[in-house]
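Input: structures, listed below.
Next come two complexes built around chain A: one with chain B, the other with chain C.
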Partner chain A sequence: MIDNGLLVQMILGALLGLSVYLPMAAGQLSLATPAFYAVGGTLAALLSTQGNAQSAISLWAVLGEMLLAGCLTAGLALLVGLPVLRLRGIYLAIATIALVEIVRVAILNLPFTGGAAGIFGIPQPFQKPFGYVLFSGALLAVCGWLFQRLEASRLGRSMAAIRDDELASRCMGIHTTRVKLTAFLASAVLAGITGVIAAHYLNTWNARQGSFDVAITTLAFVILGGSRSWLGPVIGGLLLTALPELLRPVGDLRLVLFGLVILLGPVFFPQGLITPALLERLGRWKP
Partner chain B sequence: MSGQASAAPLLELRQISRQFGGLQALSEVSFQVEQGEIFGLIGPNGAGKTTLFNLLSGVTPASNGTIHWRGQAMQGLSPDRHNRLGIARTFQNLRLFTGLSVLENVLVALHRQPQGGKLDALLNSSRFRRRQSELRERALQLLEELGLADQAHRQASGLAYGDRRRLEIARALATAPALLLLDEPAAGMNPREKEQLCELLAQLRQRHQLTLVVIEHHVPLLMQLCQRLAVLDFGRLIALGTPEQIQRDPRVIEAYLGGSR
Partner chain C sequence: MLRSGGLSPTDPLVARRRGNARLAAAVAGALALLAFLGRSSDPAAQRLNPEAPLTLGAALALTGNANLYGQDQRMGISLAQGWLEAQPHPRRVALQLEDGASDEPSAIAAFNLLIRRGVIALIGPTLSQQAFAADPIAQRQGVPVVAPSNTAKGIPQIGSFISRVSAQSSVIAPLSIDEALRREPTTRRVAVFFAQDDAYSTAKTAIFQKVLAARGLKPVSIQRTQLADNDFQNPITAALQQRPQLVVISAQAMDGGNLIRQLRELGYRGQIVVGNGLNTPNIYPICQRWCDGVLIAQAYSPELNTPVNLAFRRLFAEANQGRTPGQIAAQAWTAYQVVFEAIQRVQKRGGFEGLTLGEARQQLMKELLSGRYDTPLGPIRFRPDGEVVQGRFYVAKVRMDSTGRNGRFTLVREQELPEGTP
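Now for the complex of A and B:
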């Protein structure tokens, strides 16, 4: 039932879930992930369709695009993050939704991004989906390792402290603005490079890739998966991306079922599927 | 006023005022706290004690007046800057990191200690692990001093009330302060615990070379603990002196017992 094509999308979902999780681990409800995802995807689409149209692109070129997308989204996140991270809670969420809208409308209307139809014929670095599975899977593995290290380090501890009580963190001498900005930057970079991979994999890119819907879906990855450990958004991203496809046999009812899962998930698993207690039982994840 | 750094008091408030809208929470409060002193702050509810702590820890800025730290004016500094200068505090209504374990609460506050290198952290090198286990040792030692070592791995939200108060002190101590501001450290403790806390604070001051400023409603505890006291009433400093002086001060008696105003 799960073919390589779906597997790629699931892994991309997990990466986006991690991107939403990062600011949330520092107590910041940011929904900006689709904006940076769209910037990364558009950048890759523009760069790789320049000049004479090719059907293939070297892996090195894709890695170069990822590097550029990382720099661009980091710069944008720095610019946006400094003023926006002064907001708290729902106000931050609204400001980041505004960012998503601004980026979407910009991509829709800029003269070189193909309007509503978008950009077509984005060249492929891999001939088969399996190549993408390996590539994005490797990226997910690296991310998992980095997140595991993060949670055992000072930065991860400071983020957890800010999530619990920002004022107390400041009074303990933690430079909370810097910590929150770091989390926001990392989140943006991760979304940006995920966008690069997605653009090549999907072969086409348009403004709808980074819409408000994506913000809500990726938020659901974290809510359902659990926001207390990086494993939560990974599991949430994998499951919730797969679910609509796995439910395809039931026809349009699948959308209702999908909605039910998102609705009932928090009722039965208020802390998400992956909870600290579960990890405690699994033992080896927490030091 | 002497400008010499060596002669300057550790903390000096000069004509500190703070308004909240039409409310005058503090008006023209001035006093000094000397190095090594245990300084008490008392006053009826709403006298401005916690507001004063918020000013001293950078949480709220003063409307007027300046606060000097080791002879230097601290103006417009953020709470984290205040902490880095050596001022740590506890909170009257407990602000622990409740999602973290008792040990992690202290570890968070040890963030300015060397961590063993960023690259080492990434690679989980033996240097990093050694350094982290040293930090855990240090945190455990602080917990030991406050009698919380046996609860190190419990979640902070699961602690008894008195233990939470002590964890707040351990966490503040972990930032290696010179001045510790304690906002009602004995609140909710029984008389025996209060007695123990008193001894503990005296010990901690010795061991960590601390200067303490303590807000407390339980006046006998302060009388026993402090060298000097300041009394606030409706935002004004109405008395300043040794416990004996304070006890005899007619304005203090009036503020506490009421009188013909």
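Now for the complex of A and C:
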């Protein structure tokens, strides 16, 4: 059975999946999501532990942190994105992994981020996990609505065009750099505000939260869910976050089974679980 | 902006968008249903069944990079369970063991799961960083937690339901340095190594360096390593150029074991003092014969001659081909023992009669903190804030056998610390 605590983690996973999906929808394999996630989480942890430790925090303060985290990660993404988005394919992936590593080492060594132990005693805006479910669920719903709109908008179609053929879309008059940078920025902002919620939910924040491992996990959300529609990473994030917990009755073998799912997923569903053909069938279906 | 209305209804893009919207609505509905069904997560308001056994939950790192400790802890807890079950006791206790892995979200998930299943108290999690994430959840729901291996500062201070049987690093660390200086009083040049991305190792090295400074020794070289490192040639070469007479290492079992081995292989012959992270017999296969002579301060000595420790040693040896237990296993045994004994004391007084689970948890916490326990670690009790008070500590030296594959911690010094030392 899935309790509300696990549901929060699943929704956070879905949000991170969306953050990886955004650049990918414009044909860019960026693994920078954990870096922005870590920046958002660290910012929230620092700001909310300024007062009395373990005291409550108002929802408005959390929204303020999210706003700040959004601005900070957008600025950082702009700074990094301009030079880095000149790279393509595997080179872009490597450059973004380097960003993740730089942010991790910086958080580890900055004098005010608590070193390896991190920042703990982060105050709670909600007394029960149900509050987090509503809050993060609302964020996911808003994101879903925006993504649904995006896919039919000029920006969304430009992104799809760049993914299919960057050179051809440039010849068609699409400002490819601007479109790619916009996707990268939006991805960073989403990861940053997800980090804010995660920091409060986890009670503690340290450099391990934004590591290379997270980059791979979040990439797996998109690969297993499917990268041709925004629902793919959402469903991938929800399923892959829940799976290790749902497999607990299996005992010691649960991580072996989890690994098998990740291994066999792409073999049986090369395009991910949510494919364009599936969506088309669903759309044409008349009850 | 292109609108779907402008295209023919048979257009695949329109169908795809509609399919997307339908599936999204289904996912949203499923999430709402899950949220509704998963709301009540704690059976604290239910009355206890006087006949049923009380369930004790343990969330240990059975997977991930802390699993070397988690496996030792599982062994310690299951031995304690078998031994205590064989003694006469008025209330049956059942154990539920869950994998808390080595990261924060897994520890939270394991705690939530066990609390939902109605455990009366929790043992775990393995790492201090996990404790900072998971303990506040138990605290908010009023579930007693006994930490078997969290040594970071501030763990019992998370709340009134949080306690630990693992003495804080700052109490133990100075003993091993003092022992090294007693053996070689002329030591002037000290090199320090620590894993900079590990909470435990950075905290420990700060304590070690404070002790060194207090003894008038300034490190000639401070080298930072990473938990996942295998090759330490560069930091070792840099440190050895300073001709250290003593090397002080704060690391975990895997990286620390490799570091010791490479230090010896690259020609270092002086004394090595290590921190609590290497306090497990699991380091023997890693550094093998090069482990020999390493000094370590411990909260547990297998050579302690008390009935409970002798029983622990015997059971551990039977289950592990004659091996000697280490501190991590002893502390896990102790964690199980203190909760078990507190439960039996409350039961004898009729304390669980007619209580709800939530009230029983409060009763148990009160009893847990007020008791005195005779454990494999020696006699212990708790301060009102949940910090363990342990009087006796040890310095051990690793002695490897002739095969170089097996060894043991031999006691070189035993020290009584006055009670109430932080």
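Operating definition for what follows: the second predicted complex is superposed on the first by the 281 of 287 C-alpha atoms of A that agree within 3 Å, B and C clash if a C-alpha of one lies under 4 Å from a C-alpha of the other, contacts with A are read in each partner's own complex, and residues count from 1 in each chain.
Convention: a contact is a pair of C-beta atoms (placed from the backbone, for glycine too) under 8 Å apart; a residue touches a chain by one contact, two chains touch by 3 or more.
Note that the structure is a prediction, hence the values are computed from the model and not measured.
> For A:78, decide between first (touching chain B), second (touching chain C), both and neither.
neither
> Is A:207 in contact with chain B, with chain C, with both, or with neither (first, second, both, neither)?
second
> Please indicate which partner A:165 is in contact with in the superposed arrangement: first for chain B, second for chain C, both, or neither.
first
> Using the touch definition from the top, say if A:248 reaches chain B (first), chain C (second), both or neither.
The answer is second: A:248 touches chain C but not chain B.
> Report for A:153: first if it touches chain B alone, second if chain C alone, otherwise both or neither.
A:153 contacts both chain B and chain C.
> See if chain A has more residues touched by chain B or by chain C, and give me that chain.
After superposition, C is the partner touching more of chain A.
> Which partner does A:142 reach: the first (chain B), the second (chain C), both, or neither?
After superposing on A, A:142 lies clear of both chain B and chain C.
> So, does A:108 touch the first partner chain B, the second partner chain C, both, or neither?
In the superposition, A:108 contacts chain C only.
> Once the structures are superposed on A, label A:231 by its partner contacts, choosing first (chain B), second (chain C), both or neither.
A:231: touches chain C, not chain B.
> With both complexes overlaid on chain A, does A:3 touch chain B (first), chain C (second), both or neither?
Once the two structures are laid over each other on A, A:3 reaches chain C alone.
> Going by the contact definition given at the top, which residues of chain A touch chain B in one complex and chain C in the other?
152-154, 157
> Which positions of chain A touch chain C when the two form their complex?
Touch residues, chain A against chain C: 1-7, 9, 11, 54, 108-109, 115-118, 120-121, 124, 127, 129-130, 133-134, 137, 140-141, 144, 148, 151-154, 157, 202-204, 206-209, 229-231, 234-235, 238, 244-245, 248, 252, 254-255, 274, 276, 278-285.
> Provide the residue numbers of chain C that touch chain A in the complex, in ascending order.
By the definition above, chain C touches chain A via 1-4, 12, 14-24, 27-28, 31-32, 34-35, 37-39, 41, 62-63, 98-99, 103-106, 108-109, 112-113, 116, 128-129, 132-134, 136-137, 140, 152, 154, 158-159, 196-199, 201-203.
> For the complex, which residues does chain B have touching chain A?
That would be residues 57, 59, 78-80, 82-84, 88-89, 91, 95-100, 104, 107-109, 111-112, 115, 121-122, 124, 132, 171-172, 174-175 of chain B.
> Please output the residues of chain A touching chain B within their complex, sorted ascending.
Residue positions touching the partner: 146, 149, 152-154, 157-158, 160-161, 163-165, 167-176, 228.
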